[in-house]
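Some notes on the structure that comes next.
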């Protein structure tokens, strides 16, 4: 669709051509399914989480379907940062979209090492830091539930790179806005909201958990209302851009996230259902803008018309 | 169905004839739909949250359907404890099931006052304390996200009653097990897990939140995986009985909750879809027991066969 | 009030995207009153929308009930595909009903769009009571028109494709001009909120008793969830429940 | 690999709860190889299960593909109700394929239950290559039997209602006893994990090359989610992906 609608936005020096991205772990390293999807249409691609060393991931069963959602326990299976830059990055440079490498690690030092390695390569638009990982050195507590630990990671990484630094937050915490503020103060350029919710399913025949690791991450349309509330909460707390994520399955869902305060959105689980959903949303945004006389999609960001009386987020009953 | 299966269990001096209950706010005060459901079949009924004074509740729109779930912002609309004991309780005594009054309040003192009033009446089997309420006196922070505040409420109420004291926990917190331990230590007899998740939905035409209060509580099958993980987490942290709640829509779901560690279950949202689901589960439990050679449904409680290696709950990716 | 799995006897498209579905229920058809509704599960084995969908009872034929609905979303689309012999899970009859008795002579029915649904049933009962009926219906366009089983019908369409060009409230104004002789009338109405609002004002000015049927988001449909409030026009501004205290209200009783 | 909305040409119940659905796709039918699968969306407009459902391609007829499936749950039940003219959203062809070439003379097909699905297609291709085929099929009971478009078929049923009474592995043992002369054979198999496990042991003992088709929970079906691992039999014990490295594996390559 040809139109004069402005779709682009910038983070630091990087200009993204539109506000539609694919989420980490739901699109491989970026070019695996380019037979199915024209990835040149996308604002950008968040890669599967990369760790310093390759990880084989968790034992099967890694996936369970749930009501309007799914649980996964992939266990950060990935080829490692070294193989990524050698085997994947060269080809990814051929596409007219931005690659943001998502990084997972089990210590602050590991996060730094991975970024240092990636800094040596061109073709990477920025970093998304997956802090929904256990901090192995400090008793396995999840980085992302602790604002001090998260802020420390951000401060350290900030010194290493001028590229956009995007921190991906976990929803499994009481006050996501506290964490968001801490990372904004430490120099992060943007936040991604949300990663998966902790969930579980049991096989009543065997009386065993369905997932090999007992619990796993819940994603998909089921979590959309939770994700939207978290984006709204974070948007009220920080000024840096937000990537809204969680259960987005069509243009209307995506617009809800923009209105709640997301600067851009990421499509996750629904890539598995329909690989072209993200491209459809790119076009859907333009169509919506034309139909509603909007000249820049950015006008929608945070344009929610909400009663300030209800500024404390509650699960009213 | 006639069978020799033991279905009952006890909390303090109260014997419940089975492990299937209806959840607060999803079954009125108990006898409103007895034309549709034989409530004598139930282990018990948790009433709509009662407050000291009647509450008219939040403005419309109070309800939104979401993918496999719903959001609500009823705003604790209820007739107040005085009308309850006068208008509802006398008739409720005619049924062969237990009435547990759920209580909501905006201060510690209000919780105590309501319990003091109810202590004067027979026909009440116990109290369920809804701590997913903002503490108006302390800046509106939700009681249920703070273990100190929650523990204080329990200690105070414990002095007022010998009836079972069941604390209903919110999932909107990082470490639900901490709160559970705090209330166990303060003398609670049981916990109910979980109340609704904070969620939100937006009308993209009007650009307004669909709920009058912007955010509301997410319930229904969508949240079942989250609820199950929370029950499992709490079961590993405390010894007191757990009422498992969240998206239960059939016998299999209910059995999952028992295996994860729930002593009994509550059916919530699905009462709206099929008022007889709870009675069906009562029969379903018996059938399952007979088919699997189980003599006491209690054998299923916590009978999950899980690898201890994965004892830290994670949303693995 | 009962919950029952009922057999569908027919389902036809009677106007553009407007369907009439007939199902069998001796119990419900024998106890239901005009204005009451049924709450239907549009899903099967968990496939389909979670919550039941409310529909006014449109007509009673022997021991069966008709609902008339507009296929606007997931639930109504699923229902529109039901065929003779399929089963649907129905809860009903629910809510209060139109007050037919009273010493008015003329019943003026005013409906906008699919708001016409409850009036075939109401008309039958009004006729039994010997009331004179005038029926004013408004539609966006003639292809959405449904006017069967109604008495003395006048049509308004927004686009003028049939009858009066304009909305049903304008048609009502014209009707009053042309029928100055009418006394002791009562209005029964159903339709979009904007229409009801404007109607309520007219009825109040003319001092005509006006009963309206409200729609609104529902979860349980039986008064246990408190999910369907409508603000009352009293000093306390407290709420009535559409599913239990309604869906029929006196127009001046509530804040539209 | 393409994503395509395809027209259903027929859907029939060919044995108890076993359905054969045929859909049209020039592109997929022309590129698919035996053993590959398609990933089908069983829902419409968000009504139905979230994830796609994988099915082996069972047969190619002109420019159409057959899938053969057991209606076990929500998705397969929805698919079983598809009728001529309905549309389904298909992703395929996916995965690797059976290795037909090689200097073996005899192909022994071993299938348990719905594991028979990929073999009509495989048989056609084996015949083209001039291989001799023996087909051993096991079913719980004769009413679940499907044995069309296969060559030299022998049946085992658990309840003895047809053919050999016992499981298909016992039938295979008997087959080997009766056919001691067979040399340079290759086994192609699909079925429940217990069956494949026991088969792998036999094949190893007899030193016969054995290719098996695996099932397993999938999300994407195209190798991007890492959701379908199977443990390899190598020293690292790392994982292969059923959807991309499989679904066809050498029996001794993986830990069943």
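When the chains are written out, they are named A, B, C and D in that same order, and each has its own residue count from 1.
One rule holds in what follows: a contact is a pair of C-beta atoms (placed from the backbone, for glycine too) under 8 Å apart; a residue touches a chain by one contact, two chains touch by 3 or more.
Values in this document were obtained by computation on a predicted structure and should not be read as measured data.
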| item | value |
| --- | --- |
| Partner chains that subunit B and subunit C have in common | none |
| Co-neighbours of subunit D and subunit C - touch as defined | none |
| Most distant chain from subunit B, judged by the mean position of its C-alpha atoms | D |
| For subunit A paired with subunit D, centre-to-centre distance based on mean C-alpha positions, whole Å | 37 |
| Subunit A-subunit C separation of Cα centroids, rounded to whole Å | 46 |
| Separation of subunit A from subunit B, taking each centre as the mean of its C-alpha atoms, in whole Å | 33 |
| Numbers and ranges of subunit C residues touching at least 2 other chains | 46, 49 |
| Junction residues of subunit A - those touching two or more other chains | 25, 67-69, 72, 74, 220-221 |
| Topology of the chain contact graph, where touching chains are joined (line, ring, star, complete, other) | ring |
| Which pairs of chains touch, using the document's own definition | A-B, A-D, B-C, C-D |
| In the complex, subunit D residues that touch subunit A | 1-3, 41, 46, 49-52, 89, 91, 216-231, 236, 238-239 |
| Footprint of subunit C on subunit B - complex, ascending | 25-28, 32-33, 35-36, 48, 56-57, 59-65, 68-70, 72, 74, 77, 220-221, 249, 269, 271-276 |
| Parts of subunit B lying in touch with subunit A, wherever the complex brings them together | 24-25, 49, 58, 66-69, 71-76, 104, 130, 132, 134, 140, 142, 145, 170, 172-174, 195-202, 204, 206-209, 212-218, 220-226, 228-229, 232, 247, 252, 255-256, 259-260, 303-307, 310-317 |
| Subunit D contact footprint on subunit C (complex, rising order) | 43, 45-49, 74, 77-78 |
